[in-house]
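Below are structures written as structure tokens.
Below are two complexes that have chain A in common, paired first with chain B and then with chain C.
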Partner chain A sequence: MAAEDRKWKCWQCNQELVKQQVLFTYLGHTFSHDLPTCPKCRRVFIPKELADGAIAEVEEQLEDK
Partner chain B sequence: MRKILRKTYSVCPVCLKRIPADHVALGNKIYLEKSCPEHGSFSTIIWHGLRDLESWRGNLPEIAEGENENCPHACGLCPEHQQDTCCVLLEVTKRCNLRCTFCFAQGGDGEDIPFATVRSHLFALADPGKTLVQLSGGEPTVRDDLPQIVAAAKEAGCQYVQLNTNGIRLAQDQEFVKELAQAGLSFVFMQFDGTNDDIYRRLRGQDLFALKKQAIEHCALFNLGVTLVPTLVPGVNTDEIGNLIRFAVAHAPAVRGVHFQPVSYFGRIPALPSEAERFTLDQLLAAIEAQAGELVPQDSILPSRCDHPLCGFHGDYIVMNDKTLYPLRRKEENCCCQPTTAEQNRAFVARRWQRPQAEAALSSDQENPSLAGDEIETLEGFLRRIRSHSFTLTAMAFQDAGNLDLERLRRCSLHVFANGRFVPFCAYYLTKQG
Partner chain C sequence: MVKLEEYRLEDSTSLTAKCFHGEPASCSFACPFQLDVRGFLRRASEGKWKRAYKTYRTATVFPVIVSTLCDQPCQNRCQRTLLGDEAIAIREIEKACIKYTKNRKPQAYAIPPKPEKIAVVGAGVAGLSCALNLAEKNYQVTVFEKEDTWGGILRDHPDFPAFDEDIKLQFSAVDVDFKFKHKINSLTELADFAAVYIATGAGGDDFGLLSSWNDEVFTTAKDKIFLGGMLAGLTLMESIAQGNLLSKIIEGYLQTGRASLGYDVYDKNYCGHYLEHEDAVSQPRVIAASPEGYTEEEAKQEAARCLFCDCDKCLTQCEMLKRFKKNPHIIAVEAYNDTKANPPYSTRSLTRQTYSCNLCGYCKSICPEGIDIGAVLRLSRRARMSAGIHPAALQDFWLREMDFATSTGAYISAPKGKETCEYAFFPGCQLGAAAPENVLQAYAYLAQNYDTGIMLTCCGAPAYWAGDDERLDNNLEKIKQDWTALGKPTLIFACATCETLFKQFLPETKTVSLYELLAQDDQLTPAQPFAEGAVFDPCNARGNEDMQHSVRILAQKAGITITELKDKNRCCGYGGLIRLANPSLYDEITQNRAKASEKPYIVYCVNCREVFTSRDKDAVHILDMVFGTGKNRKVPTLLEKRENSLEVKKALMAEISGTSFTPEKQPWDDLTLLIDDELQKEMEAKLISAGELKEAIWQAETTGAKFYDESDNMCLTYMVKPVITYWVQYREVGPQTYQVYSAYYHRIRIKEEG
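The block that comes next holds the complex of A and B.
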């Protein structure tokens, strides 16, 4: 099971995270992705695979060389 | 009102001796002026004042006293050269199946370089895992063993193998295209001067438009990206710039972009150029604005940062399903950019000019109306689209003995491999005028 599909709890609020649409903005471009989010404090859990994978690739594609 | 804006060095167009030169403003126009003690004074238009030259160039320094004193005659990269090699050009033949009015390489009836020699050159020039080699000529596709040369380039460790071609054989010989693709060819730079045969008759001596389209189709069959390369000649095809961009966008993703080359007067040229026969970089920028209109936002075209800003530009886009261009970069986000390395530039151009693997291309090429427009708003949608439908507008303003500016030459990253040395392109093909 992918990390973002497991059940997670917010360590501060002790709330179960729920999948919500999250907006990422980088160099003037905005992208959405559904990620586990704390319903109380709105903190977002970004799995390592996403950070090292899609997010890193988007950064590389957008950075001017 | 005559005003000296900048000091640099150039060469005498007659004897090619290194001489001081000035950028001189006369009204809105800017000229490169220089005097040879033996052959007199020369003046060449370099900018029409259609864009602000200072802001386009940025804060690059002038050539200081005592710098680059052996440039360009000791060329074959010296410690004072300011840029590494981004792309290496290797001539594999002097033969050509066209007799163009303009040709930097004076291709014609020459000879092929023996395969063993080409192979040894490839091993000498390759920096394994990095090199982008351009197989050039003459016309490389006149060689039946070109697929073996491509394979040798890959064996030598070249990461990317680019073919510079007029496309005739790619149109006429589908099996040959297949062999090139199977040998590991990365992408194709195809001479493509316009979208009607009048242009080809005037520049290339025969009708070629149908062949160009056929060549693109054949490359698409084998997942080879094609970048269109027009030579822009005033009075012939400078009013064709908008059509070239629209044609390229319409044929994306098989076509990966347009690489404009304003005419330079070296190699085989019809005559010494008058001011009206030159097409400066700011004229090209203005022509794109006038002819492509909303398709190409002007602030999406940025000065070269790998080479000198006066040597070219790049615009980076995604082609959308409705055949509009989504710009990836705008000027205001890049106001403080520093020069980039040749390695960064090579990775960038290769990422854009190469098509993704066949499986990825198959799934993303299917124009799915449900994904139109907003599909790039998700991380996955954006990545899917940019992998398959990236598109560039680039330009390279080659220099000749008339407008050679050593401040520009010392930042050149396109190098010809010859006699065991890497020689900046415009130094290698420098030709005496008159």
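The block that comes next holds the complex of A and C.
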């Protein structure tokens, strides 16, 4: 089963993840994206496909700036 | 080391100042018109006659006159003659260009009329050339000529009718007031004009001004009066060219009140940049089948004989420079600009390229001027690091490995029972990590034959490559102290990179390569892994003749028939730490090097060996031959490399100091991870060590900071290292044992408080 299709729960808070706006920073830039997050402790889940895909692209663009 | 707090533009531009890429070719230097001969012939060779004609017309003003009468000094500078061929038949191509350009009618430009009136005295070629160029800018030009027509000395030439047509054609789109049969007797007659050009021809009236003539900007003692052409002793061709140039000087004078050369006019005697043309093939001149001159096809063929001389060696032979398509001058300027751009808002233009260079010095080795683009890009790396604007994640992995090798992994000692030594073996950090027995066997051999201590640490190459001056300096200082404490022994290197770095930064150390000592030993007979092979010399062994020669002696002793690579000392891809910054370029380079010969490689850099083995290229390290430890050794995982380094240290400490070494244990070290081959391969390619995953899992399991899927007890967690966030998906399958399902990372940081 693909990681993003799983019903992940936050172990500590025993909460199902909900999509929330998450802030990211890299090389002085800040930006946001909606991602599954623990509603209580706000721990964020970044799936592999996103890390290897869109995030890697953004990283490259920011590194080139 | 020089501090980079005051990084100036000259710091980088001075490194590329001698690059002559893009400069006019030697033929253009010789041309009185500074015609872009190369560009003209390129267009002609493609049959682009209209564009070729435009180039030619802009430079020569009167194409028919010049193509007939120019004595072609460019031919003496044609680099095709270096191959024993005849120079390009430039005149015939010029004539063909005129013939095959369908519409030569000059274009009229809608330029607003200018109020200044300019007088030209004399309607010979010098005066006409100047008058035409000024009229094209829409100045009010009057030409005074004492005879009843134009042409000056050309009027007596048998081809004058054709020249006359040419002049008529060129003046057909401009408005010039020609006053024939109008002799100027005194310059006071021309008081109303804003500028006057005296071009009365050889022996003509100079109005007493020739003696005060300035031969650079063509002024005279009288304000606003210019003089030139054959009156000043120039040839016919020079007179046309000068008229063209003078039109620009006069325009500048009218705008600023000063006569000056607004742009560089190059020294016609300066034709020093001849190229080697190693791959050029001799080609005879194309002979026209008809006395009427070249057909279109013949002209194209003859133009294509041009070598289009422009140095682009580095730009065509280095994969990195080829990919980024920027010439050395641009790189130098952008390297500086990038550090001055105001972060984070300005777009930097050279970042990816800066971190895509192997810093291998290959460009320098093939450049006729010895220009090292790597030096510019390393300067850029240093400046970015110093300014805190470097993309740290691109090189963080290697810097952490260096820190490990210079701390936990380091071991410095004189030989058993001694305080100092004559020699010290400096194996480098990667040899023991990749092949621990190579270090141990080499040390055992050296200890038996020489008074040899050990300096097991990293030379600092990762910091050098990353441009991290502080880390590099601190490490060099520590090495210097340790070396001094050992009695300043001669250092024995197994790694060409270490030796190169020492020669640059610790020149006081005396060095020798391990391979040189091994090659001197007549008792040694290295094992023969294959009958024929090519020696792949590492980039840092360039110029290190002793090292290169010694490896060949060892290979010959093994009975191997050696094939030499066409291109030696090219970087395998590892240098400069480009793997994360530009994975596809890294892949291209490693592939090209692996393909450089069909023969298996004999290598003497452990990084080269790793690159080739990872690409399934048959490669053996010379030490594996010397000590008979086999070929095609498996590349250890990143975690195994660290473990290997510690094993080397442990064994050496036991051997030399008689002490046992127990590295500080981390609580996660005892975890067992089950990782399948495919995932392991992916992790290695991305430089994700199982050690990081162990730590992440241990943290998740001890703090509970993880996600889980209760349907099958799958867990997922992440761990933030300084500049990289590692993720691991796993499941417990036994006591302290975890099956890993995926591992990945990102460089962006999750803003926790978000």
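To be clear about the criterion, the second predicted complex is superposed on the first by the 56 of 65 C-alpha atoms of A that agree within 3 Å, B and C clash if a C-alpha of one lies under 4 Å from a C-alpha of the other, contacts with A are read in each partner's own complex, and residues count from 1 in each chain.
We adopt the following convention: a contact is a pair of C-beta atoms (placed from the backbone, for glycine too) under 8 Å apart; a residue touches a chain by one contact, two chains touch by 3 or more.
Given the structure is predicted, the values throughout are model-derived calculations rather than measurements.
Novice: Taking chain A as the common reference for superposition, should the pair chain B and chain C be classed as clashing or as fitting?
Specialist: clash
Novice: Is A:S32 in contact with chain B, with chain C, with both, or with neither (first, second, both, neither)?
Specialist: After superposing on A, A:S32 lies in contact with both chain B and chain C.
Novice: Of the two partners chain B and chain C, indicate the one touching more residues belonging to chain A.
Specialist: C
Novice: For A:Q61 in the superposed arrangement: first (chain B), second (chain C), both or neither?
Specialist: first
Novice: Quick check on the superposed pair: does A:F24 touch chain B, chain C, both, or neither? Answer first, second, both or neither.
Specialist: Both chain B and chain C are touched by A:F24.
Novice: What is the contact status of A:D52 with respect to chain B (first) and chain C (second): first, second, both, or neither?
Specialist: So A:D52 only meets chain C here.
Novice: Running through the overlay: 81-89, 99-107, 351-359 or 567-575 are the candidate stretches of chain C; which one clashes with chain B?
Specialist: For chain C, the listed stretch overlapping chain B after superposition is 351-359.
Novice: I'd like to check the shared interface: which positions of chain A are touched by both chain B and chain C across the two complexes?
Specialist: On chain A, the overlap between the chain B and chain C contacts is residues 24, 27-30, 32, 55, 58, 62, 64-65.
Novice: What part of chain B is in contact with chain A in the complex they form?
Specialist: My answer: residues 302, 305-306, 316, 328-330, 333-334, 337, 340, 344-345, 347-348, 351, 376-380, 382-383, 386.
Novice: Note which residues of chain A are touching chain B in the complex, please.
Specialist: Going by the criterion above, the answer is residues 24, 27-33, 50, 54-55, 57-58, 61-62, 64-65.
Novice: Please output the residues of chain A touching chain C within their complex, sorted ascending.
Specialist: Those residues of chain A that touch chain C are 3, 6-12, 17, 21-30, 32, 42-46, 48, 51-52, 55-56, 58-60, 62-65.
Novice: Show me the residue ranges of chain C that touch chain A in the complex, using the header's touch definition.
Specialist: Its residues touching chain A are 343-344, 346-348, 351-352, 389, 391, 393-394, 581, 700, 703-711, 714-716, 718, 727, 729, 742, 744-754.
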